[in-house]
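As structure tokens, here come the structures.
Here subunit A shows up in two complexes: once beside subunit B, once beside subunit C.
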Partner chain A sequence: MQITSPTFKANAHEALHDAQLQRALGNVRSGFIHKRAKAVGALPEFEELRDNAKAIKDHVLEHLDIYLETYEKKVEDAGGKVHWAETAAEARGIILDICRMNNARTVTKGKSMLTEEIELNDFLEASGIQPVETDLGEYIIQLRGEHPSHIIAPAVHLNKDQVEQDFRRVHTEFAQDRDLTEPEQLLSEARQVLRQKYFDADVGITGANFLVAETGTSIIVTNEGNGDLTQTLPRVHIVVASIEKVVPTLDDAAQILRVLARSATGQEASVYTTLSTGPRRDNDPDGPEEYHVILLDNGRSAMLGTEFQDALRCIRCGACINHCPVYHAVGGHAYGWVYPGPIGAVVTPSLVGVDKAGHLPNASTFCGRCESVCPMRIPLPKMMRHWREKEFERGLNPAVARYGLKFWLWFAKRPRLYRLATYLAMPVMGLFGGHKRRFRFLPFAGGWVRYRDLPAPEGRTFMQQWRDRQTINQDARG
Partner chain B sequence: MNKAASAPPRVGLFVTCLVDLFRPSVGFAAVKLMEDAGCVVEAPAAQTCCGQPAYNSGDRDDTRKIAKATIEAFEDYDYVVAPSGSCAGTLKKHYPGLFKGDGAWEERAQAFSDKVHELISFLTDTLGVTKVSAELTGKATYHDSCSGLRELGIHDQPRKLIGSVKGLKLFEMDEADVCCGFGGTFCVKYSEISNAIVEKKTANIVASGADMLLAGDLGCLMNMAGKLKRQGSDIEVRHVAEVLADMTDQPPIGGK
Partner chain C sequence: MSGRDAIMNRIRNVLNATDAEDDPRRVAASARIDFPPRGVIPARGQLGLDGRIKLFKKMAETAAATVEKVSGPGEVPKRLAAYLRKHNLGAKLRMGSDKRLRSMPWAEERALQVAIGPSDGSDEVTVSHALAGIAETGTLALASGRDNPTTLNLLPEHHIVVVNAKDITGDMETMLDMLRERFGKGVMPRTLNVITGPSRSADIEQTLLLGAHGPRALHIVIVGGK
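Up next, the complex of A and B:
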């Protein structure tokens, strides 16, 4: 996937002028927020659960090596195999080897942002293996040759009528005059198409919401049940998970699950919570013959022990994205890589480099709504500021901004000169504001006055008037 | 009653750069509100800006320099009060972190931070003000500025005092707690996105049916007023302190 984060501004411009996208984004703004608020409001201990969830992950991140090794041992005790991958390329190579050893021609896939991160679909296709996305949203964007615009609602940038058109274009086996106006009809058609794919697939690939060290279990949550069919019907199940997904015990996973669905979709729990431990045992009625876990680092261990470690607590619920006014304005694709919104603004520079993703941590008003809803209490604005500090140290921010800031600071650090300059400037500027008390045009303020008027200053500064008042008071007392 | 308890609290007014330069009347409204509540208010001449433009641009060294100067200018007061949730948030929530591990300064910054308050919450929560003697006929809507709301927990306090203004009715807008798109330098660095956000905000303001917009932060107010005026709206925009202090003789922000 080509990283388009460097052209964030141009991407945003395009997004703001895309009427279909703007219509679709309206649903994010209204739907998720209300549902989350309702679910949270109905659970008095929600704030305590957040503290708990945070503490569990903080503990894990301090002892990641121990829990990963314990997890590996438990997976192998259950008859599964753990593969360690440092990079995306290594993970892809391991997956391909497993597919080739099993003569796989098609693989079904449960929803997984990590496989987006490692660009698995393109790689498999280039290697002659057909990946089939089974999550409805993922299926739709695969048909369109797009990438997810949201980590839990990958097709949220689309409207129903666009999906209908895609289905008519691709599903030529159905009658052309069929009725597809209702979402249920679209869902039912996708189900029919996908059903056979589950049986045809040689390998099923899923992500993982949690890896449980205590038992060697991987856990996924879905609302469509597609994950279950993906991991139980094919002969081989591959779990692709990043290293920070591990938790110590099943009880820990259960505690975090209580904040996950509520934060994501406002559900008390996702419809399906599926636990997999190793391949099918002798007396199991179903399940895969082989069970593999790819444990991928891909830049995460480098975040440990840095100011960005807290971002590894993320459970990918999407709440920060759902509540972000910038995301509401431009959608997910504008961010230019896999993870959009506030969490994307924090992890993208870590994973692809701040030189490429430098816009993202800057394109925030620091409104803090993301942090206020993050179930894992990740201090997202603080981390974006850390990235800005790194950019500033390296002189990566634009020259105009740098010099503008320097000019301001020069005065701000010299109160006397600051007073003098503002005593002189503000009354003049106030006069130019005229009787309307505002500017429609103003040199050096193009970014402001292109879209809004600039209220004019009242005239003399507060400090100037205050000094007069003090003098008068003293005279009166004198 | 001992002498310390009976002495009026000495408040250092951190006027904020925007109020100092663009809307001094907010500063005088703040002074009046605090004096009415029994405080002695001073505005130290050595103040400039809280340093947020540098801080949020990643310039930590310069932020520290400005923070030190601000702390030195204000640390002798009983309280430090700013008519802005954003600037008060910086002084209170971010200054101590700037000096982490810097021995004496870390302590000074923390002691300073403990004294810092945003104006309206200082009136209600610290001074126990429950009503004001102001009068204004109209329908107001109130925008919760982000830092005040989420860093300092300011939500009910201004509404309570607005409710005590004779003749003024509060009309809540939808998404009152959503950012207006100002974001300091964000509004010029990403002006197109900022514009998309403020357009949603002004739509909510207009839909509220209010004829006056109030908020506690001048940055947000200038952004929303600027957009409303560009859209030709006649909704008046004011800092909440002006209304509470009964000082509405000045034309509203951005004019009529």
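Up next, the complex of A and C:
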């Protein structure tokens, strides 16, 4: 997909004025937060599980080479094949080769953000292979030629009347006057259309939530059962996973699964947790005959050992997105690439470059809700600050901000002068505030005062008040 | 240099990896795989058998499954025939060659047709036997193979799963131990379906609907126990 992160400000402005989108985003604010809180409240060990989930992934990252080797060997023992890809282009090439070797015409896909990252669908189509998304939300946005606006609820930016229009446009095999006003009817129609696609497909592609080194197993988690049909019915199953998805043991996966479902959808457990190991065995009457895993790096190994390593713990649950006031306001598409919300603001600059995605770490109020709900305890606000520092170092932010900060720094390093200046400025600014004691216009801050007034300073500076308070405290003690 | 070598070299450089057999990192990793640490096990499922069965039933029902209990395997055909009648379904079932299912008295239900083998998608109702149940979340674990083909878990409208009461564990980790015992440490069936309730989607306006791509209904029969 074309990266539109550089125009984040314009994207956000457009999103704020999109009435359909704003109506749909209401579902994020009202649904996810409450459901997560309820599920977390029902499990007294939740915080302890978070600590352990974090510890498991930290341990994995410190032993990543060993677990990847072990995993690879176990996959091969089970009759599967592991392919390594450094870049998106390499991964696409390997997938195409497998498809061509199997004369594939259609490919069904389980939900996978990684295949969004490598722009697999456009590539397959250009190569004459029809990819069919099977997750209901992914299917809807594929019909619309859009990209997911949320990592676990890809069509959350849409309302049902929009879906109805798309189904009427594309599903021309059904009667034009059929009733499609209820979500049940839309789901039922999609189920019918997609059921045949599973059987027609030559290759099924899924992502992976976990790769288990102990057994060479890939695990996917779905509620619809679409990823599970995708990997069961076609002759070939391809798993596309990034290298940090590996965990040591099945028990480790079980620990993280407990925080994943609750953080994502507020479920006690997702409906289908499917563990796949190699192709069908001699005694298997169903399942794929070939099993391939593509281990993709695409910038992850370069994050290892840097201040962004902690982001590799991410399990893509979407909790940070669901709780982000900026996401609530602008939705996922404004972020301009695959991963929206706080985690997107952190990994997008890592994966596509801070020169393209520098606005994203700035799109934060630093309220800290993302970190407080992250099951893997990723310090998202701290990482956004790291990106802001890098952006500043590289001179990527606007001149007004840069010189303003430099000017302030000069003062801040000279405390006596700073105090004197604020002491003198305070009453003057108070005067300009007028009888309402508010600024309606400010030079260099037009964007701020356009929507609200800035309170004018009243009385004394912070340092003056602090000194008085210290004196009072001393008197009280004395 | 292959993609594999390039990726591995980058990782190994950052982690100061060595090839020494006694590299503490290598020792720690293989110890973890050989003896998986238990982690945090929620107290919720740590109950006696009766308590586990009760919790399993409650949690499965919370996940929109239906649950009934029978005292022995001989009762299952009669109860399933009743289930089909109650839901206005045809008197037809499909199952795998699991001996525990096959040895049930299906012939006593004269009207009932029982087909054997994987599903091609045309079956309205299928029956599987679970490897285990997990009380903590009302979850079923089903291993693939001729006994219980994976397609039976995913393609029907109604999926009926029989589970022995004594196989209902308190937590997922105990189920994983059963799996290791049955298949050998480090060995897995091709597919292990871990299922909690019937298929669902909330992709349209976050409205939760049952029966997305998998079964619209999941019915669980617990055999034995109180």
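Everything below uses one rule, namely that the second predicted complex is superposed on the first by the 457 of 478 C-alpha atoms of A that agree within 3 Å, B and C clash if a C-alpha of one lies under 4 Å from a C-alpha of the other, contacts with A are read in each partner's own complex, and residues count from 1 in each chain.
To be clear about the criterion, contacts are C-beta pairs under 8 Å (C-beta built on N, C-alpha and C of every residue); 3 or more make two chains touch, one makes a residue touch a chain.
Just so it is clear, the model here is predicted, and its values are computed rather than measured.
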| item | value |
| --- | --- |
| Which of subunit B and subunit C A:L49 touches, first, second, both or neither | second |
| Subunit B versus subunit C as contact partner of A:V156, first or second or both or neither | second |
| Subunit B versus subunit C as contact partner of A:P183, first or second or both or neither | second |
| Partner chain in contact with A:D252 - subunit B first, subunit C second, else both or neither | second |
| Greater residue coverage of subunit A in the superposed arrangement, subunit B or subunit C | C |
| Parts of subunit C lying in touch with subunit A, wherever the complex brings them together | 2-4, 6-8, 10-12, 14-15, 17, 25-26, 28-30, 32-33, 36-44, 59, 62-63, 96, 117-118, 121, 137-139, 144-146, 149-151, 153-155, 171-173, 176, 179, 186-207, 209, 211-215 |
| Interface residues, subunit A side, partner subunit B - complex | 9, 12-13, 16, 325-326, 328-330, 362-369, 371-372, 385, 387-393, 397, 401, 405, 408-409, 411-413, 415, 418-419, 422, 426, 433, 435-438, 440, 445-448, 450-463, 465-467 |
| Touch list for subunit A against partner subunit C, complex | 24, 27-28, 31-32, 43-45, 48-49, 52, 56, 59, 62-70, 74, 78, 84-86, 90, 134-137, 140, 153-156, 158-160, 163, 183-184, 186-188, 191, 194-195, 198-199, 213-217, 223-226, 228-229, 232-233, 243, 248-252, 254-255, 257-258, 265, 267-281, 283-287, 295, 297, 301-302, 304-305 |
| List of subunit B residues in touch with subunit A within their complex | 15, 17, 19-25, 27-28, 43, 45-49, 51, 53-60, 62, 65-66, 69, 146-147, 150-151, 177-179, 181-198, 200, 222-223, 225-227, 229-230, 250-251, 253-256 |
